[in-house]
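Each of the next two complexes has chain A plus one more chain, namely chain B in the first and chain C in the second.
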Partner chain A sequence: MPLLDVKNLTLEIDTGTEFVKALDKVSITVEKGEIRALVGESGSGKSLIVRAIIGAVPDHWIITADRLTWKGQNLLAMSNEQRRMIMRREIAVVFQDPTSSLDPSATLKEQLEESIPAELLDKGRFWQRAKQRKDIAIGLMHKVGIKDHQSCMQRYPHEIASDIAQKFMIAMALVSEPELLIADDPTRSMESTTKNQILRLLGGLNESKGLGILFVSHDLLAISSMAHTMTVLYCGQTIESGKVKHLHRRPLHHYTKALLDSAPSFQVNLPPKSHLVALEGTIPTLQHLPIGCRLGPRCPKARKECVKVPEERFIQQHAYSCHFPLHLPSAARSHTQNTNNIGTSTKEYFSTDRLYKSDNSDSENSNITSQKTEGNEQ
Partner chain B sequence: MTAVLEVKELIYTHRIRRSIFSAPDEFVLGPISFAVNAGETLALTGHNGSGKTLLAKALVGAIQPQQGSILLEGKEVEQSDKKTRNHDIRLILQHSNTTLNKAVTVGNVLNQTLQLNTKLDEQDRKAKIEQTLVRVGLLREHYYFYRHMLSDGQQQRVSLARAMILDPKIIIADEPFAALDPSVRSQTVNLILDIQRDLGMAFIFISQNLGIVRHISDTVMIIDKGKVIESGKTARVFQNPQHELTQKLIDSHFSLVDKHFGQF
Partner chain C sequence: MINLLARYVNLVVLTIAALILISFSLPYLFPGDVLTNMSGIVPESEAQRAALEGVYKLNSSVFVQFWYYLNTLFSGNWGVSFSSQESLFDAVSIAFPATIELITYALLISVVVGIPLGFIGGIWHHKPFDFGVVTFSVVSYSFPVFWLALIFITIFSLQLGLLPLSGRVNLLYDVPHHSGFIIVDILVADIPHKADALYDALQHLILPTLSIAFVTTAIFVRFTRRSIMDVMEKGYIDAAKSRGFTTKQIFFKHGLRNALLPILPLMAMQISTLITNAMVVETIFSWPGIGNWLIQAIYQRDYPAIRIGMLVVSVFVVTLTFTIEFLSRAIDPARDKFERATI
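Our next item is the complex of A and B:
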């Protein structure tokens, strides 16, 4: 059972005259010990998904979902208290822009010690508690790679560098030993050495503790070096999700391809000063959303059929929503002739495909390992 | 051929005295020397707080360096000579949404620039503005738009239009892509490359993103704590970094790239 399972989440915002679907049938799952990347441009609703999951959404926004569950418990049907308990102990969130999401009126020491739950302190005398809190706090600071804890602890958020603040946010999130960490753009505006430190830290926690991570970002380099699976979001619609490896090797959606091509680091034989691949236009605003596939006006292959919202289709674990996917020549051709053929032709096409065969052996291996870990737990 | 911009032994010292009893905190930038030729791009990179933006400010004349000289096409520019400076060296900042005046239209922003720096009459100004808007990939109608009606990428284009409307010799761009999304960023990179190729402008380009630095720059200069620690042709520096810190920066960038390619 996945840790977090979101299926067809729709979020409607009242603009005064009408309801706008800021998120339209978004599906995302995070398994135990998985690093899932959520990729999208600003304004595509990444942060809205985070807010919908943690419940920090104003009352007049309408959330509907087929499933929004945490370990099988329905988050939408819960009372506020129950939900808050889960957020406190099992899910932790690192927000965007650390310096402004910390409390400006308290020192870092006060904030970190306050976030340590009372259950974690073993039952000493009450005068011993303060020291225990302090020890836990210092331990956490060291764990996330802040070596000079003395000078940091006494400072206010505006007095520290943004990368230290980011590490500190991660420390605060790790206090309650969560099972899922939601990190909202943790590597924004960092130079590559600091970014590497943060990524190593998160990757290490994932390996040693089996921490599930939902990594929200548009830094493709960071994502592809660390994440296992990836979900691409455009304008509030999930357009493609699957293993990072598969998406890189064989993107099926035009937007995913454009996004991956836009990073010059990924292209080996790119001559310097040559043109980069870019889609025309920009992401539409919420007031002017196109109907059907929201990439429509920017898509190089858009046709008449694209005014209908494409359904999510699967090829093994790789989900995509596009009427005319890339790399599926036989399927696309048959689609124009007869829509019924599409299922069989994709199967035929992929039955001869090496990529997904190798993936089968991969998943068998991972099954074995997951059985092993289950055995250990028992 | 003389370089478009040449900087010789530039030194700027920034002092803050926090209290009368303590010694003042000092940040010394420089001595820095470099030259940029027409049609070339120089990239500045380095850690946060290393003095990259300070150097950009010194070049455009927003702060006054204590020593050294800045030569524009072989002639020294005085600090007081705001006219040539504003005209020939233009600056683009990271967040165009805070640098554009939100109370006036895009056309007005560009018009003010022309009014203050050229002797064109109203008709010529309007023609020039329309021509520049089209050049940066906007429409003539954007003349009447306000800042909030434009997307991030379009605002960045307006910033670029404001920089290049005076046909400057050199444009200094401080993190022009950091706030942009990947697909829009590629568009802007393409636009800058086009403009450079067509008009032969020189660029000084400040960025943390080594992928893009490597792609668009001819020479690169790495700054740490106000000192230039390494400079040279981009390809050479990236292949064979000499300084320890450069190696660290480049290694960590390439370790991410390698991890990405390692998956295949």
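Our next item is the complex of A and C:
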């Protein structure tokens, strides 16, 4: 059973005159010990997904979902108290902007020690608890790579640099020993050295503790070096998800392809001074959402079928939502003729089997690519 | 911290110096004889005039006069009142504590009532209780103070006859002047029927205090409500929620302190309003405070009294305002610090 399972999550927000679907049937799962990347442009609703999962949305927004479960428990149906306990011990969140996520009027020590759940203070009498709290706090700060804990502990959030603040936020998130860490663009507006430190820290935690991570970012480079699986979001719709390797080798959705092409580091044989590929136009605003597939107006292969929202289809673990996917000409044609035929999807499965076999055979090649990207990054 | 304190002390001293300079120039600007405006004594003969001019150094240069004015000011020799020929220093030291007493109680009521109401309204905003709070604050904010005081008198003194109409304490009780604060004076005085006197003084206090507190409470409610609403939308509150803290924990550990910090400087700004309202209310209730005294002085064109009264009230307002400002800066760790200088 996946740790976090979100299926067809729809979030309608009130724009004053009407309700707009800011998230439209978003599906995402995080397995135990998995790093799931959630990528998309700014404004595609990445942070809204995070807020919907942790329950930090205003009361008058409407959340509907086929499934929004944590280890099989329905998050939407449970009481506030139950949900609070899950957030307290099992899910931790690191937000975008570390300095605004820290209370400006309390020292870092107070805030970190406050986050330590009382259950963790097991040894000694109550007068020894303060010392134990302090020890736990110092241990955590060392773990996230803040060596100079003395000078940090007594400071206020505005007195520390944002990368230290972000490490500190991660320390606060780890204090309750969670099973899932939701990292909402933790490396935003950081320079690459600091960014690498944070990413290495998260990667290390995943390997050593089996911490599941939902890593939200628009930074493809950061994600490709770390994540196992990836979900691509465009304008509030999940359009493709699967293993990072598969998405890189053979993106099925036009947007994923455009996204990967726009990052020069992923193109192995990019000639000098060549044009970078990008889709025309910009991401639509909430007031002017297109119907059907929201990529429609920008998609190079859009046809009249695209005014209908494409259903999510699977090829093994690789999910996509497109009427005319790349690399699958035969499957696409059969879909347009007969959308609801179950037989077609089995046919599709077999017809693409070959495609994935070849993918596995040149996995060596893809390793080289990923090494290269890492090299570029450092 | 020392630096900050030095800056504020500097500011207070300079402001008071400017006020003294203005009050020094007033007798020259008021109509009439400069000597009379200054001393409060109308000279009856040329000899007396010459003597007074000698005392006030009117025949010397302006700088000598100012130096002499400073000396008299700090030695408490403030001249006499035009109309009553009483020492102004004595008059002010009787009247001013009465005003301070009144506004202290009014401020206390406003803080005790206004801030919790504002918090509750802000936490449950757009709920029935909040609508009640907002309605109350708008209504009481819109009341003119003098009218409210008259309404109170009409209802509670004249129609219901529950509370006394005017004054500080019934003349039956002869409370010796000690600190100037009537409650303190009664408590320390050695008089018969002490409990009755205290009860009587409290009855006298109720209406004037309430009239002043009404508007101030409304202001505090609005400030607090707005402040807590802003704070509860901040990122760190969301972060605290995501860490699974209880609502109580979030409110008391993160909401309350951050919401109270911006209220303090706003309170400092309300002090002048408070004093103005106190003056009006004192006049209506014949409360023997500085406001009542000053307004009487204005009626009687008592220039020496006006000059000293204005100086005393403004020094009080300035000192109090800057003190609260200083406190609010001293306890707020994040205010006006250099954000870029981080480790």
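Remarks
Methods note: the second predicted complex is superposed on the first by the 328 of 378 C-alpha atoms of A that agree within 3 Å, B and C clash if a C-alpha of one lies under 4 Å from a C-alpha of the other, contacts with A are read in each partner's own complex, and residues count from 1 in each chain.
Everything that follows uses one rule, which is that a contact is a pair of C-beta atoms (placed from the backbone, for glycine too) under 8 Å apart; a residue touches a chain by one contact, two chains touch by 3 or more.
Remember, it's a predicted structure, so these values are computed and weren't measured experimentally.
Of the two partner chains, chain B is the only one that A:41 touches; chain C does not reach it. Contacts of A:259 after superposition on the shared chain: chain B is touched, whereas chain C is not. Of the two partner chains, neither chain B nor chain C is touched by A:239. By the touch criterion stated above, A:306 is placed in contact with neither chain B nor chain C. By the touch criterion defined above, A:161 lies against chain B and chain C together after alignment on the C-alpha atoms of chain A. When both complexes are overlaid on chain A, the residue A:137 reaches neither chain B nor chain C. Of the two partner chains placed around the shared chain by superposition, neither chain B nor chain C is touched by A:75.
Within the superposed three-chain model, A:114 lies in touch with chain C and out of touch with chain B [touch as defined at top].
Common to the chain B and chain C interfaces on chain A are residues 161.
Interface residues of chain A, counted against chain B in their complex, comprise 41-42, 161-163, 189-193, 195-196, 199, 218, 220-222, 224-226, 244-245, 248-249, 258-259, 261-266, 270, 272-280, 282-283, 285. The touching residues of chain C, counted against chain A in their complex, run 234-236, 238-246, 249, 253-254, 257-258, 261, 332-334, 337, 339, 342-343. Within the complex formed with chain C, the residues of chain A that make contact are 51, 54-56, 84-89, 91-93, 95, 97, 100-106, 114-115, 148, 151-152, 155-161, 164, 169, 172-173, 176. Chain B makes touch with chain A in their complex at residues 46-49, 151-154, 178, 181-187, 189-190, 193, 208, 210-212, 214-216, 234-235, 248-249, 252-253, 255-257, 259-260, 263-264.
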